[in-house]
Amino acid sequence: MTLGTPKQFTRSYGLDEIALVPSSVTLDPDIVDISTTIAGLKLEIPIFASSMDSVVNPKTAVLMGKLGAQGVLNLEGVQTRYEDPSDVLKQIAEVSKKDYVSLMQSIYQEHPVREDLVISRITEIKSHGVTAIVSSTPQIAQWLGPIAAKAGADAYLIQSTVISTHFKTNKQDKILNLADFCKAMPIPVMAGNTATYSVTLELLKTGIQGLFVGIGPGAACTTRGVIGVGVPMATSIVNAASARDDYYRSEGVYIPIVADGGIVNSGDICKALACGADAVMIGSPLAKANEAPGLGFHWGMATPNAILPRGARIEVGTIGSLDEILCGPSKTDDGSQNLSGAIRTCMATVGAQNIQEMHQIEVIVAPSLLTEGKIYQKAQSLGMYKKS
Amino acid sequence: MTLGTPKQFTRSYGLDEIALVPSSVTLDPDIVDISTTIAGLKLEIPIFASSMDSVVNPKTAVLMGKLGAQGVLNLEGVQTRYEDPSDVLKQIAEVSKKDYVSLMQSIYQEHPVREDLVISRITEIKSHGVTAIVSSTPQIAQWLGPIAAKAGADAYLIQSTVISTHFKTNKQDKILNLADFCKAMPIPVMAGNTATYSVTLELLKTGIQGLFVGIGPGAACTTRGVIGVGVPMATSIVNAASARDDYYRSEGVYIPIVADGGIVNSGDICKALACGADAVMIGSPLAKANEAPGLGFHWGMATPNAILPRGARIEVGTIGSLDEILCGPSKTDDGSQNLSGAIRTCMATVGAQNIQEMHQIEVIVAPSLLTEGKIYQKAQSLGMYKKS
Amino acid sequence: MTLGTPKQFTRSYGLDEIALVPSSVTLDPDIVDISTTIAGLKLEIPIFASSMDSVVNPKTAVLMGKLGAQGVLNLEGVQTRYEDPSDVLKQIAEVSKKDYVSLMQSIYQEHPVREDLVISRITEIKSHGVTAIVSSTPQIAQWLGPIAAKAGADAYLIQSTVISTHFKTNKQDKILNLADFCKAMPIPVMAGNTATYSVTLELLKTGIQGLFVGIGPGAACTTRGVIGVGVPMATSIVNAASARDDYYRSEGVYIPIVADGGIVNSGDICKALACGADAVMIGSPLAKANEAPGLGFHWGMATPNAILPRGARIEVGTIGSLDEILCGPSKTDDGSQNLSGAIRTCMATVGAQNIQEMHQIEVIVAPSLLTEGKIYQKAQSLGMYKKS
Amino acid sequence: MTLGTPKQFTRSYGLDEIALVPSSVTLDPDIVDISTTIAGLKLEIPIFASSMDSVVNPKTAVLMGKLGAQGVLNLEGVQTRYEDPSDVLKQIAEVSKKDYVSLMQSIYQEHPVREDLVISRITEIKSHGVTAIVSSTPQIAQWLGPIAAKAGADAYLIQSTVISTHFKTNKQDKILNLADFCKAMPIPVMAGNTATYSVTLELLKTGIQGLFVGIGPGAACTTRGVIGVGVPMATSIVNAASARDDYYRSEGVYIPIVADGGIVNSGDICKALACGADAVMIGSPLAKANEAPGLGFHWGMATPNAILPRGARIEVGTIGSLDEILCGPSKTDDGSQNLSGAIRTCMATVGAQNIQEMHQIEVIVAPSLLTEGKIYQKAQSLGMYKKS
């Protein structure tokens, strides 16, 4: 019998617990370069839109691209199951909370992914002259990967709640070998999600050209409540960035990492970059766009799971155009608009001229504990307490 | 005069403060084995139902057994005091908060435990071909233990808020010697509750075949408020598991431990197993079953205490059948349904093929502090704030 | 110029952050001795009632004494300013929140302390055959101390928000020399409040026979908000207990310490004793008694300060008789009733046969953080959230 | 490529997390000296009013000066853009939350700063015989600095969210060289804001005579949410005070530091001084004055930013005259009135005879976590919970 070692309770940190410390330099925002390059593709704004039905359809993927950011289209969502997904998206937005999970389960079970729709969605994005990145789970990547590449996709993202290079099963035909897949694919492959140093290092050796980081930290994700698994984002990024840097030191190849999940405002994006991320992937901040397919709602990808649904549907509302959210000018003061402007202002403020310099900015633990003052203040701003 | 040593403030941890970290392996859920063996009895699902009146009666004990889990019947509750306890259970559910403690005190004082009912309840469970485990406090075990064994019980659980091997009193006739009791009983004996390494080690030497761990962490338990005593669950399990492993190393006997108390959803169960538990005992998650005797309410065992009642009554509501709660499929995304599926998914996700491997999974401290973002999110999900 | 040393941020702990850990022994409650002896006076229950107008008048002082506990009468409150204080107590209970501070200020400014009332209040208490302990601030002790002793008081408590042996002023006639006062007084003198090791040690050398510990932790005390001063109670007790034990080791004299402030339920009392207190002084838990002079309200002593009032008035309600609160039986499960029974049960549970053994019980840091689960649970019990 | 070092998560502390510990001396408040000298100007009360439109206009600057404190007039706010700013201040107070940011942006964009108004505002303040201190951002200081000095200002404060001695831009004509500016200005120059040891040390070498400390901690400041930047105030002060003391040790020049931001009551002021501040700058506590130009509202300076507005408008109400707030007597017990009296009482309580001694007082970490007890207490005081 193998016994476990007595548990050590090591502290981990979320983005809402940290803050950035200015360096001895400040910069004119005009000389700050916020661009990043991942899988050989340059992004003027280091932001990916999550491959979720509430965020990315061909239309918003094109918009994101034209603005200098990057949408990722989920090849297993409603876009590739329905010729015209507008009705089903409306149903999701309007269903009662009670019937939500059942609806999602039935939608997915009754409408399989269609190869023709995979091809037409990618063709549609490419016809507007922007980069097309698509994603699927590992199970389905062997089928859809070659189809997507042939249809013109520029990169393929394999995404799983938790990815590893060692997947054990008793059904040998099912396994995706990530190294083989990277070799076979004519376009760059990215993968995720991971949260630790050792798994990151193993994944970097497979030939992927980008790694998505983040397990269980997101707003539309209940992984931690349902299965207890999750690593707070700041710690996840630091873990993965250490592996990326060590891999670069030993192999001379720099494979960028993308912080994915639990990023709710522009402050979080800045913190993720300072922790070591080369870009971020965000869902709920973009689900609030007027153009977002979620119609003011946001939901996770694990919900349709027939056996163990996870991921709540949240009403996020709409706050402005995708252009305003990404490029401003901002009409609010809560970090929800002008995300690229906030990144630029932050980097100027702390003295980082590009993303590489941003990785060197000092971070501190500065818990946003709900002290008495804060709850009172928050309460007021929410109109939440009524004095008797 | 013996002086105390200056207090050291050592930090302890609750299950809601920790999270599990994936290993470098992931598994097909189909090859995960979630079964456990305690006191020689195999459980397909590593879950005990708490020996509480709101959770276990003969009917739910049978249901639990048929589903692969295990109910424990409290021999000192209403089931052995009333021929037909349905009326009194209804009264408990309907009494006002103000009159609740008084009602509980009068119920227990006016209706003593009846030997004939002890026998008939056990007989009823056994007649359905499932394992019968019963429990009592140490005081009453010497009387009821032999009766229960004779009636066909498969194991006996001696349960006390805090158990020790050294009980001091000036009434020598009252003491239960645990080692003697284990020797005398023809069926396996389990005991609890404990929270520290040293007491666990002493108890393991008495001949018990299972140990219940957890002092004062439960939702229906106010021990910590009333008498200041309590050890958060994650720390309790790690303490007890260390003693269990050391005992196994020195004696070659593996005595399983069961995490009991303060476990509110499937995520908590997964965390308890990763901390080192061989199984869990849960109350409130099962009190929500349609079949639960508590009729949508859940309450603790210390309430009827005539002098110092502890344990509040909580309205938990009903959310589905016991089958749905234990085996799914889940219709919610909050960790309240398909508990066994969640355990299986968790173990597949973190790469643990059986409970022994689960004990080796890394845990981190990842406080679920109510940060501003979380309270807002929580507020929305509860429909609790009204924007002005 | 003397420069400050760079600040070290040392963590301190409050009672609500700690919990008690059972030892390897459990006890029959019948053999537990909860009595304590302070200033040569034996208390069957180790509880002082705070010298506050909302808690102690001659009537409740007598009641406390007959129950085995000890009231302390404030010689500077309404009892010694008004022949019949019942009207003014009613005014305090009924005044609006807005006018509360002004009322308190005017009451104190217009009605000086009367020597005749000091004498008659003490005489009244003594006439019932119970111990009489009275208190004042240092300023007034030189005047009232001899009067109180002559009137029959058994001990005198000098109480100040913060007491020290070195008081600097430019009005030399005003200073109270504590050592001289102790020598001059024919009855035992106790003093407070303190929170650190070094000040405690200095005070123990003055001849006092009891020391009250606690600066700024109390529910009716806003010292920390108004002047930033305060030491959480668990740390204060541990600091003072270390000094007491060191003084006993070097001088052979054991001078008991009393934890005073911020103790809101029976669990807190148990924790204070385990941290090293020989007794506790409590206000709000006793202000809830039917007999309490505060008529369901509780307020601090610093409120009438003409320049910088501190201490809020809190509506605590009434929950039962003083007898029920101190000696039970309890009809609630929240630690508000049967305080002595809770102490006894706690000590039996953790295996401490007397207060000295209680000082040796292990304490852990077990923060009662408001995690999501707890706020939901708390919310339910308060009926605070309304689901939309 | 330069790689970042793996992040260390160092803990920082806010003022609401710390408390002051009494020393072995207590003082008669009458012998406490709370005065401070900054930039050669003596303040009887160590409090600056924030250079914000909601707090300081010529009238309140004069009032502050007459009371012994010091207002700082923002030369870029409404006072120097409008001949009569009363209408626009009324609009700001009355605009809906939705239209607030747009209004602020339009006000600033349509009404440039007028040199004649800069001169007349300063003249107005000086005509009442009090010290006049004015402020601007670095960009505009080269233009307004000489004008202000000529108009009679006694000191000039250059204030930026984050200031550094190394500002990089590709527009060389724009840069303010702080050392050159200090040399050129005929009046003392102060600067801010900073939060770290190294930047403080660099700034102290430029010739400034006072340094403002605090980045992103304030109530009307959302810098941390929008760009992730911020250092909790207690840590910021300790960092800067260490640099100030080291500079004094090596150069023999003592340059005072002022804690600016996030100070909400008198307790916070006392803590800031004990952490090492020579004075504080406060906004919201003074915005509550009857005479405050904000008419019961308070807002930040970064709001009018056309691209990335930060800083919320908060309704703070009015609680009394500026005289009552600064000098009392207090009619409340929440640390909002008699700020100077609270400082004096605090220093007497902890045994600090002047600000230098105050820097040597012990501080501890004593988190004001919202424990169950505190939320209940808070709830009651807010009348926020309704029992069912």
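Letters A, B, C and D mark the chains in the order given here, with residues in each chain numbered from 1 onward.
Following the convention adopted for this analysis, a residue touches a chain if its C-beta (ideal position, glycine included) is under 8 Å from a C-beta of that chain, and two chains touch if they have at least 3 such contacts.
Just so we're clear, the structure is a prediction, and the values are computed from it rather than from any experiment.
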Message = Quick check on subunit A against subunit B: do more than half of the interface residue numbers occur in both copies, making it same, or fewer, making it different?
response = different
Query = By CA centroid distance, what chain is farthest from subunit C?
reply = A
Key: Separation of subunit B from subunit D, taking each centre as the mean of its C-alpha atoms, in whole Å   = 54
Query = Which integer distance in Å separates the CA centroid of subunit A from that of subunit D?
reply = 38
Request  = Could you check subunit B for residues that touch two or more other chains and list them?
outcome  = 11, 235, 368-370, 375, 384, 386
Query = Classify the inter-chain contact topology: is it line, ring, star, complete, or other?
reply = ring
Inquiry  = What's the complete list of touching chain pairs for this entry?
reply    = A-B, A-D, B-C, C-D
Query = Taking the complex as given, what residues does subunit A use to touch subunit B?
reply = 1-7, 9-12, 14, 16-17, 101-102, 160-171, 174, 194-196, 198-199, 202, 215-216, 219, 222, 224-232, 235, 264, 303, 306-312, 314-315, 367-370, 374-375, 378, 382-384
Request  = Using the touch rule from the top, collect the residues of subunit D that touch subunit C in their complex.
outcome  = 11, 13, 18-28, 30-31, 234-235, 238, 241-242, 245, 248-249, 254, 265-271, 274-276, 328-335, 338, 341-342, 345-346, 349-351, 353, 356-357, 359-360, 363-366, 368-377, 379-381, 384-388
